[in-house]
Amino acid sequence: MARPVTLFTGQWADLPIEVLCKKAVEFGFDGLELACWGDHFEVDKALSDDSYCAKKRDLLERHDLKLYAISAHLVGQAVCDRIDARHKAILPDYIYGDGDSDAVNQRAIEEMKNTARAAQKIGVEVVNGFTGSRIWPVVYDFPPIPQEMYDEGYKNFADSWNPILDVFQECGIKFALEVHPGEIAFDIYSAEKALQVLDNREEFGFNFDPSHLIWQGIDPVEFIRYFPERIYHAHMKDASVTLNGRTGILSSHLRFGDPRRGWDFRSVGRGGVRFEEIIRALNSINYQGPLSIEWEDSGMDRDHGAREACQFVKNVDFAPSSVAFDAAFEKP
Amino acid sequence: MARPVTLFTGQWADLPIEVLCKKAVEFGFDGLELACWGDHFEVDKALSDDSYCAKKRDLLERHDLKLYAISAHLVGQAVCDRIDARHKAILPDYIYGDGDSDAVNQRAIEEMKNTARAAQKIGVEVVNGFTGSRIWPVVYDFPPIPQEMYDEGYKNFADSWNPILDVFQECGIKFALEVHPGEIAFDIYSAEKALQVLDNREEFGFNFDPSHLIWQGIDPVEFIRYFPERIYHAHMKDASVTLNGRTGILSSHLRFGDPRRGWDFRSVGRGGVRFEEIIRALNSINYQGPLSIEWEDSGMDRDHGAREACQFVKNVDFAPSSVAFDAAFEKP
Amino acid sequence: MARPVTLFTGQWADLPIEVLCKKAVEFGFDGLELACWGDHFEVDKALSDDSYCAKKRDLLERHDLKLYAISAHLVGQAVCDRIDARHKAILPDYIYGDGDSDAVNQRAIEEMKNTARAAQKIGVEVVNGFTGSRIWPVVYDFPPIPQEMYDEGYKNFADSWNPILDVFQECGIKFALEVHPGEIAFDIYSAEKALQVLDNREEFGFNFDPSHLIWQGIDPVEFIRYFPERIYHAHMKDASVTLNGRTGILSSHLRFGDPRRGWDFRSVGRGGVRFEEIIRALNSINYQGPLSIEWEDSGMDRDHGAREACQFVKNVDFAPSSVAFDAAFEKP
Amino acid sequence: MARPVTLFTGQWADLPIEVLCKKAVEFGFDGLELACWGDHFEVDKALSDDSYCAKKRDLLERHDLKLYAISAHLVGQAVCDRIDARHKAILPDYIYGDGDSDAVNQRAIEEMKNTARAAQKIGVEVVNGFTGSRIWPVVYDFPPIPQEMYDEGYKNFADSWNPILDVFQECGIKFALEVHPGEIAFDIYSAEKALQVLDNREEFGFNFDPSHLIWQGIDPVEFIRYFPERIYHAHMKDASVTLNGRTGILSSHLRFGDPRRGWDFRSVGRGGVRFEEIIRALNSINYQGPLSIEWEDSGMDRDHGAREACQFVKNVDFAPSSVAFDAAFEKP
Amino acid sequence: MARPVTLFTGQWADLPIEVLCKKAVEFGFDGLELACWGDHFEVDKALSDDSYCAKKRDLLERHDLKLYAISAHLVGQAVCDRIDARHKAILPDYIYGDGDSDAVNQRAIEEMKNTARAAQKIGVEVVNGFTGSRIWPVVYDFPPIPQEMYDEGYKNFADSWNPILDVFQECGIKFALEVHPGEIAFDIYSAEKALQVLDNREEFGFNFDPSHLIWQGIDPVEFIRYFPERIYHAHMKDASVTLNGRTGILSSHLRFGDPRRGWDFRSVGRGGVRFEEIIRALNSINYQGPLSIEWEDSGMDRDHGAREACQFVKNVDFAPSSVAFDAAFEKP
Amino acid sequence: MARPVTLFTGQWADLPIEVLCKKAVEFGFDGLELACWGDHFEVDKALSDDSYCAKKRDLLERHDLKLYAISAHLVGQAVCDRIDARHKAILPDYIYGDGDSDAVNQRAIEEMKNTARAAQKIGVEVVNGFTGSRIWPVVYDFPPIPQEMYDEGYKNFADSWNPILDVFQECGIKFALEVHPGEIAFDIYSAEKALQVLDNREEFGFNFDPSHLIWQGIDPVEFIRYFPERIYHAHMKDASVTLNGRTGILSSHLRFGDPRRGWDFRSVGRGGVRFEEIIRALNSINYQGPLSIEWEDSGMDRDHGAREACQFVKNVDFAPSSVAFDAAFEKP
């Protein structure tokens, strides 16, 4: 039995959800992973309007699309970040307000609690998202960073997220951090540290996404092996390392899509991620969730790409063996 | 004729300069690249005390050590950075003061002007250093960064450094930015952009240092080829990429020396830099300056390393050919 | 004209041959390579029951499945091996008997003679199989092995197999050793030696199988080039080398399927074998036989895999060119 | 909108064009790139017979095949080459005549002028072809070559081709040199030099063909990036490097198809060219022309290959993105 | 402070120890690792003759050679192995006796106990050696091996060695298994299993030797990181992987030195082991013991090799840093 | 016993031989390989002046320099080449004359006969050199080359060289072709063909030179293994492949030393040749001749390079083992 293949709606938030449902069906998807922005999934309405979740469910069911997770990357980012002009563009006004950093952090914390409540209401078990980070801007250790500055960054993370995760616990929901540059965890050892400072509480795990790991030189299979109990959701997203001696892995303050970058995102199957190995690793930890395509490729038409990505993931996924091969050689 | 091999004193600022002179001679060095911190080279005293530079020169001459450049990385960093607790540890009190960010930037600008004046006084032609950067903390493009934010970062750089470079011009001194994460230029294309926003003024060039390039995937030889007219000084420093599937190139908020990092600095000759190719590239652009060892290796005793690094660089350096080989086949 | 694609039935011996025929047809196969175990092909019945072969043939023909070879790996293994508990599980009782090593060897020799006779009866020209080996257990040369011990191992092989091959000769059948760890030949030079000690008699050749070569670091194309006259049959089987610094190529006494192994078998097309190059090499030696899929992948459902493997092999196979391209540029 | 996929008819010149049209349609092609030999496109007839071009056009239209370019590799080769026995086989008699080198060069020049006129008549904008070269035979610099000999080679090229290109200019046609061993330009720097000696006149550009670049160690993507304004046509042709320690890249005076060569041409998609990256590079320079398959693989049946190559190129081609992904994260 | 460099005497057992002492001094060694065979170190005499150890010590001291460990590879091998003709050549007669396998195993067990006692007497803390193995001969899993067969192999190991290790414990001596094909542990996971079945008792650890790991594809640095508490001794020995498409990693029953092998031992510094990284890893686990050269290279004169290997290891070894580099940037 | 290290004088022909002798001694060489041009070794004088050879010998002996071979690359080149302006610069006037190609070929043939006679006179056993080639200029197979053209090229070689080799045979001298682009043999398979057309006569063998092989992708060790009986002399010369995506292996008609080339010669030890493996291969075929450094590096001072190359080769050379290591483990 292959896994369901879903489409993360974040890169399509410019489209009304009804339009996107039609496309997703036509592309071959089995379900959606709803972004908590655009009109895809609105946390405030879900809590204030008792019919909101039912209508969403109904819409999806009419298109025969499943729902396994919702995603709150943008508000999650505002929980630990120092807030600046960039956040204004991605946050709802009722979160951003006057933009005072501490106040935005506080409102984001409350919104994340509500997101857990809304998730419970619409009946999913996982919320994907970002955490933000106080210490990401000092990722390169110069000027020399005292160890306490790192420690404070992790402490701010724990202090901000523990109250949120308490509500997740009450609601029976998991939070799955997409390990990603800019977040408190962006690679294996920073993810391990993040778990440590939360005392490994079970509400917190990861939305596995190989595209953020491979350009850092990390083997995505190792990530799965390192955290076999904490893969709560999985993104299928691809990236390509395009180092040629002149390009650099930090990409020169250049936008995605610029060929002078040292890496870029790619339509699933056209980059460097070895999905074959990832499926085997997910099989070996007995991951039962969906394979959710986060589609992003600055060089390809979006509709063309989503369609072929869906087909690609369905081809590469497979069910594990139920036969011991040695046994086949034995006498019946 | 091989090039002189000098020792950058920045990693030895805990030692009085007299002690370091003795060591450098004993290690085999031909000269020093004086750091503008510790008691190695003090800009304020150089300007206020007319005998200061003469005494320094005298000290070096007694040890038969040459001086080709001074280095102002720490104050340079404070010119464009937003100032925080990390800067307090690296700046003189008369620059850091109360730590107000704008005011520190301004004092750093004035100090850099004075550094040019002090360089002229002691008779070197190059000041190496850092620039700081407003936009380094947003090196990863999320939350999405409007192009204007990048543009403002480069403009801040130009606005801050043009007045400094005017003084460099008056004094006949070059500023050589060590291209390095955390600075306005950290790879080839960001360096190209930095030159552009300064209208390619000649006072501004680069202190070539391969150790900051190789872990980014950049070929140091390409850097030299890309900016053949702008290599004003050269550091010999090594680094090793230690990716193994679990380590990441962003190094997980771990300190230098931690084996879980994805790269680290190495004693010259024990890392991944191909110095053979670098010497050939420096020959091909006719670089005439010193080869200055910036020695840093968290895993090796400093004295042991500096000695072997000096020998290594002397072995790898060589003079270009003055014979056309084809000619040798011809009739005399 | 592409080659026929057959399914080796060894990994499906738990299924009755009738069930397997249906599956094979449905998966897209053109024929079967019958294992001489399970009820797939029973040498004793083929010789004792005159209708046995006709019924088998009839069964296959009803399913429109061709038969090119039968395979006697298990009894072949017992010809040269010192016998122990492992052999009990894979041998028919009438071969294993009381398990006395010399006696089992002798009965296996007789059974292999009979296998040639049975092959003739059912009308195939090739019997694939194993040989066993006295010297495989000392493959690593410690404690130091006197050259005579190797020589005796090869001599035992020749002494045991020459009488068998005499019967093969009488029956007009070839024996095709699947070069494989545990056998007298497991790589190129041991295969060359095996041919030597048999004085290159024509009855003995190889069942080419790339999956046993690639993890040993051997290029399967070189194997084909080295023995262009001796490729009597070809298995399409894939394997993947999964070395990551901790895993080892000898695989730590771990079972197939354990991710801590240094290599493992893979569904055809999902491992490291470059089948494109193998088809070209088979074309260049003018190999005319079937491409027989030996399907084994501890991580994938067997039915899913056999189907996609069949399609994969049909896609990768192609007929050689019959046009000289230079000629096309010439005047008509 | 994907690009049209055409078939270059050069390797099928043994077939009458009518036969080839039927095949091309059946293989799935959108158009043809007509070779100026065989009966595919005859320059002399096109100029002398006013109905010739109309009939060709009509033939193609009846098969619903487009025409974007014609190709004059063979006569072009005779423009700069010293003529020998090899040219007799590839030239029409009215060009080769008595084979006197200077005279053949002169007749080839006139024929190339006529080819531009014929191109205009049949209504294409590009003529692909070769140039020949005086200095190709001394590609290895021994006996030592005086710089003047190279200079004379490039001058001969400019002197021979400028009059031809004058006619191309008059007719509004581009000449697209297929950069290829044996021609005045065979790699990036020789192509750059060829443009220089023509003062970069616009009539002269390149027919990009990756198969001639990869075995030279050149990245085809770099070629596109180096000459973004000069890619006038694009061949999809594949090649495989088959170095194994004994084979050499100069291929030992062995014919295509001999497995002892160090490289060989391959059916598109079965060699080493990374077409994914090439499509992205063509997108980034906004190349709008056809993707023309030059099919050549000494190891594969021609019809089988052309069919799968056509499908392969259609799968790998894609339209560029029209959405900025960062925007999708912003509030609607 | 660099580590002492010692010479393992096993490959020189044809020379009287007095002769070897002179050579070792002349080659530059700081000490010896005495083999318990030849006249180098005789366990029976050490226990029976009270002056034996004092005389050995005296001999070494006269040559200014240190002693850190003795090595009992040959008798250790006989503890778990099934005994055959190969063992006769390497065992003393009083151990081999009539060669009955169980009896030899038992005598070997007693001798290993005595070896611990002798080690205590001569005043070293480590005995290096082999263990033998019941399951090494079935290292390739065919015929299919029931899990119980592996389990019995490890149990035999524990049952045989626990009584030996009890005596090691009484004597305050460690046993350091050289992880090596043919032993109960030959790679990382089999070493982990061996520790498990001994309940991780402290008397049992490893003699790290990279030459047996690299050809298996294992990174020796990973071995050190995996068992940081269990590296009781370290061999400096090199090997080279010589795969070329025809050679295989299992080496075709060919002797060391045959160029058709897939790997071979090499004089230290002339193979593929990256000793630089090994020294850093040994530094990171704070390994304080000697670096003992086991010299073996079938292609090089032994005296020539030992001399250059000694110099090589002295050059590559270095003391760890005692300075924090970040600190050097701070104000004094 | 290490081999003597000699200096090939071809690249120093601008210096009088007396001057070069002094330098060679000072650089550390054991002998010279005299070029038959400049005043190093003049074939005409050697034959016409009976004291010439004695004086040369005397000169060398005074400097304690050995002589093992003389080298006639330039005249040898003129034996098969079509002659053009390039040859005028490298040939003596009495060979070049009026430059008529056939006549020069003939005079070169006579001179090569005389070279054998002169070699006999001065008492060396090997003449190194080139052969020239009719078919080198058509090394790339376009325009399509009929097989007969290749055949004629090899026939011209055999016809031209057999009479020369007859004289070599009479004089007891070997001719050692330096396998090299531009010659009848430039890689393994063309060398094999050259031997074939000479019926493998013993007078003809090879001057092994790895620098011409590695950039063609050929493993120099394979060359030695392929022709174990025909390595009559060995050059130690290095080269570096400098492909970076833009450079090409055919090097764009650019001179040695231009960084845009795809490969270049390098001072021995600073390129890509693995001399360690070459020494082992020469040991395995029991090559007893000198190691002769042909020094050429357009980027390095000639004197600096020759000195370090001499030291490098002395370090890398070593005597083979005379001990069987397994034996050392056995009982004395």
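Each chain carries a letter (A, B, C, D, E and F) given by its place in the written order, and its residues are counted from 1.
What we mean here is this: contacts are C-beta pairs under 8 Å (C-beta built on N, C-alpha and C of every residue); 3 or more make two chains touch, one makes a residue touch a chain.
The structure displayed is predicted, hence computed values, not measured ones.
Novice: Shared numbers divided by all numbers used: is that above or below half for chain A and chain C, i.e. same or different?
Specialist: On the two sides of the chain C and chain A interface, the residue numbers are mostly different, under half being shared.
Novice: Based on the averaged CA atom positions, which chain is farthest from chain E?
Specialist: Checked the centroid distances; the maximum from chain E is D.
Novice: Taking each chain's centre as the mean of its Cα atoms, which chain lies farthest from chain C?
Specialist: It is B whose centre lies farthest from that of chain C.
Novice: In terms of C-beta pairs in contact, which of A-D and A-B ranks higher?
Specialist: A-B
Novice: Among the listed pairs B-F, A-B or B-C, choose the one whose interface is a repeat of C-E, with over half of the contact pairs the same by residue number.
Specialist: Residue-number overlap above half with C-E among B-F, A-B or B-C: A-B.
Novice: What whole-number Å value describes the gap between the mean CA coordinates of chain A and chain E?
Specialist: So the centroids are 49 Å from each other.
Novice: Starting from the mean Cα coordinates of chain D and chain F, work out the distance between those two points in Å.
Specialist: Here chain D and chain F have centroids separated by 39 Å.
Novice: Where in chain E do residues touch two or more of the other chains?
Specialist: Those would be 74, 89-90, 141, 143-144, 219, 222, 244-245, 255-256, 326-327, 329-330.
Novice: Provide the residue numbers of chain F that touch chain B in the complex, in ascending order.
Specialist: Spelled out, the residues of chain F in touch with chain B are 10-14, 37-39, 73-74, 89-92, 244, 255-257, 259, 270, 296-302, 304-305.
Novice: Which residues of chain A touch chain C once you look at their complex with the stated criterion?
Specialist: Touching chain C from chain A are residues 219, 222, 225, 276, 280-281, 283-284, 318-332.
Novice: Looking at the complex, which residues from chain B come into contact with chain C?
Specialist: Listed in rising order, the residues are 244-245.
Novice: Which bits of chain E are touching chain C when the two form their complex?
Specialist: Residues in contact with chain C: 74, 77, 81, 85-87, 89-90, 135-147, 149-150, 153, 180-182, 186-190, 193, 213, 215-219, 221-222, 226, 241, 243, 245-250, 252-256, 260, 262.
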